[in-house]
Amino acid sequence: MTMRKPFYLQPPWNVLFELHKLEKVKPWKINISFLLISFLEEMRKYGEVDFRASGVALDSSAFIYLMKSKLLLKLEEPPVISKTKLEFIPPPLFLPLRYELTSTTIEQLLVALDSVLKGEKLLPLKPRLEPILPPPTEIIPEIDRYLMEIEDMMEKLFQRIELLIKGKPFLNFTSLIIKRKKLEAIRTFILLLFLAQRQMIWLWQEEELGEIYISMNVEMPFDGSPASPA
Amino acid sequence: MEVPQAPPDASTKEAKLWQQRLALTEAALYVAGRPLDLKTLASVAKTRSRNLAKQLAIALKQEYDSRNTSLEIMQLQDSRFVLQLKPIYSQRVKRLAIRPLLTVGPLKTLSYIAYRQPVPQKQVLNVRGQHVYGHLKQLEELGLIVREGVGRTKTLRTTQFFADYFGFTHDLRGMKRQLKKIFGSDQSPKEK
Amino acid sequence: MEVPQAPPDASTKEAKLWQQRLALTEAALYVAGRPLDLKTLASVAKTRSRNLAKQLAIALKQEYDSRNTSLEIMQLQDSRFVLQLKPIYSQRVKRLAIRPLLTVGPLKTLSYIAYRQPVPQKQVLNVRGQHVYGHLKQLEELGLIVREGVGRTKTLRTTQFFADYFGFTHDLRGMKRQLKKIFGSDQSPKEK
């Protein structure tokens, strides 16, 4: 009776079980994650849970990881310095100092000046080159204005919260940003953080990633200073 | 001012130091080929005393004067000293000077700075082109110009060495008048 | 060759002429700042006799040697003469020199080329590092080396000007012997 060849001895999984094949393959070409997941799926499909095969697969995966790591480390090694024959390097030769009369005369200086001044006269006739500035981007001034007007916007948001919260103990963040664009929602959230940091409002959540609740700090007027006791 | 001190007896340690300083003074004047001030001469002669530097230069001058040589040491009005060829020999040997101080490009830049000084670096760049950055570096290294101020407000002017080399006065207005006169141009340099 | 003639008695007409020629010889060497051959020295000293020019130069050299001075006159192998600063004074005054001098890096590259020449550019880059491209440009501009051939086969050698500057002979084998003596190395440069 012939034994059926187990599925994992066929490609692509066979690379994990026939280690001599690993030497012929570039480690980068082996997707270990894919091999192991599909290996487990296949095993589940056949209903043959073979712990020896799993063990070998694990061992092979570790080995492939090791090969990959070694290749990476090899890249970081400094290049091998070729052993050049040590040869005699002579010391620097210092030049002897000699005065030398140079030949430039005042006439030559004046001839040079003449040609430069002619060039200077022509200068205004040349078209003036204006510096080419890059076109202004849309984002930077927007952010600038946003930052510059932040106090103003904080006050407006605070007034809006005051209006919406009337008669209620708290307000939820979703109601503040309803029907608003994403960027505006983010800005509103940032402004809330500023207001909370100044203790003008309180923020809390009942669960992580859950709704944010806002309540007023009744002891703080807008200017940020504690209210004077009545 | 103290009377220049005669070199001490050559047998003593002080005499050796004097001789060494005298040789250093000569070395400095020879290599520089331009007038040197007492501060520079003192630093070369390893002394802080400008008076000693002056005594050394005067002693060296006397030594040169006493000897049959084509070279002389001159004391300028501002207490600077220069080693130079005696003018009577110039004619016979000046043909041996074959190397120009500067090539044409840097010379043009230098002449413009001399004529318009003190001139904003920006103006020099406008008139002569961006390539003159290299010229300015060379002229500065040769001690022919100085840059004053920083960044966009840099101003250029020529140095005393420039004036000495071309035989101009050290006075800026005087130099401009000299240039204008020699140049014979009807364009008066802008006084700034 | 005639025996160098001692300077004649200073009271005679010939003595005055001798003194004048001596001064002209000195003037020529001072102005040139490079080695001058006997033909040039003779023409400056108003004589057709190269032998007389040589006698004058040797007499001048002896005068310099006998005196406490920072300057020296060197006689090169091919009977050329040069006036220069004694090397022991260089360090203290080199900052005053007009002509920008080379820093240690390019000087090392230069001495390597001189020692190994004619040497492939590739070998110089291997030994001294890729940064020497700048040195080679500088040395070439100063006329101290030449590059022969193109691309990867470029060969470097020093110029006649280099030999003159250092007072070396123009003969390559002779120059290498001189260099070997200076470097005090027991390794003989490769003769190619």
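Letters A, B and C mark the chains in the order given here, with residues in each chain numbered from 1 onward.
We take it that contacts are C-beta pairs under 8 Å (C-beta built on N, C-alpha and C of every residue); 3 or more make two chains touch, one makes a residue touch a chain.
Please read all numbers here as calculations on a predicted model, not as lab measurements.
Among the other chains, the CA centroid farthest from that of subunit B is the one of A.
The most central chain, judged by C-alpha centres against the centre of all protein C-alpha atoms, is B.
Put simply, the C-alpha centre of subunit A and that of subunit B have 58 angstrom between them. Note: centroid distance subunit B to subunit C, computed from Cα atoms, is 26 Å.
Across the assembly, subunit A contributes residues 97, 99-102 that each touch 2 or more other chains.
Residue positions of subunit B touching 2 or more other chains, listed in rising order: 30-31, 33, 85, 94, 96-97.
For subunit B in complex with subunit C, the touching residues are 19, 22-24, 26-28, 30-34, 36, 40, 44, 68-71, 85-86, 89, 92-94, 96-97, 141-143. On subunit A, the positions that touch subunit B within their shared complex are 97, 99-104, 106, 108-110, 112-117, 119-120, 123.
Every residue of subunit A that touches subunit C in the complex is listed here, in rising order: 84, 87-102.
Those residues of subunit C that touch subunit A in the complex are listed here as 30-34, 82-85, 87, 89-90, 93-94, 97-99, 101-102, 104, 107-108, 110-112, 114-115, 126-127, 165-167, 179, 182-183, 185, 187.
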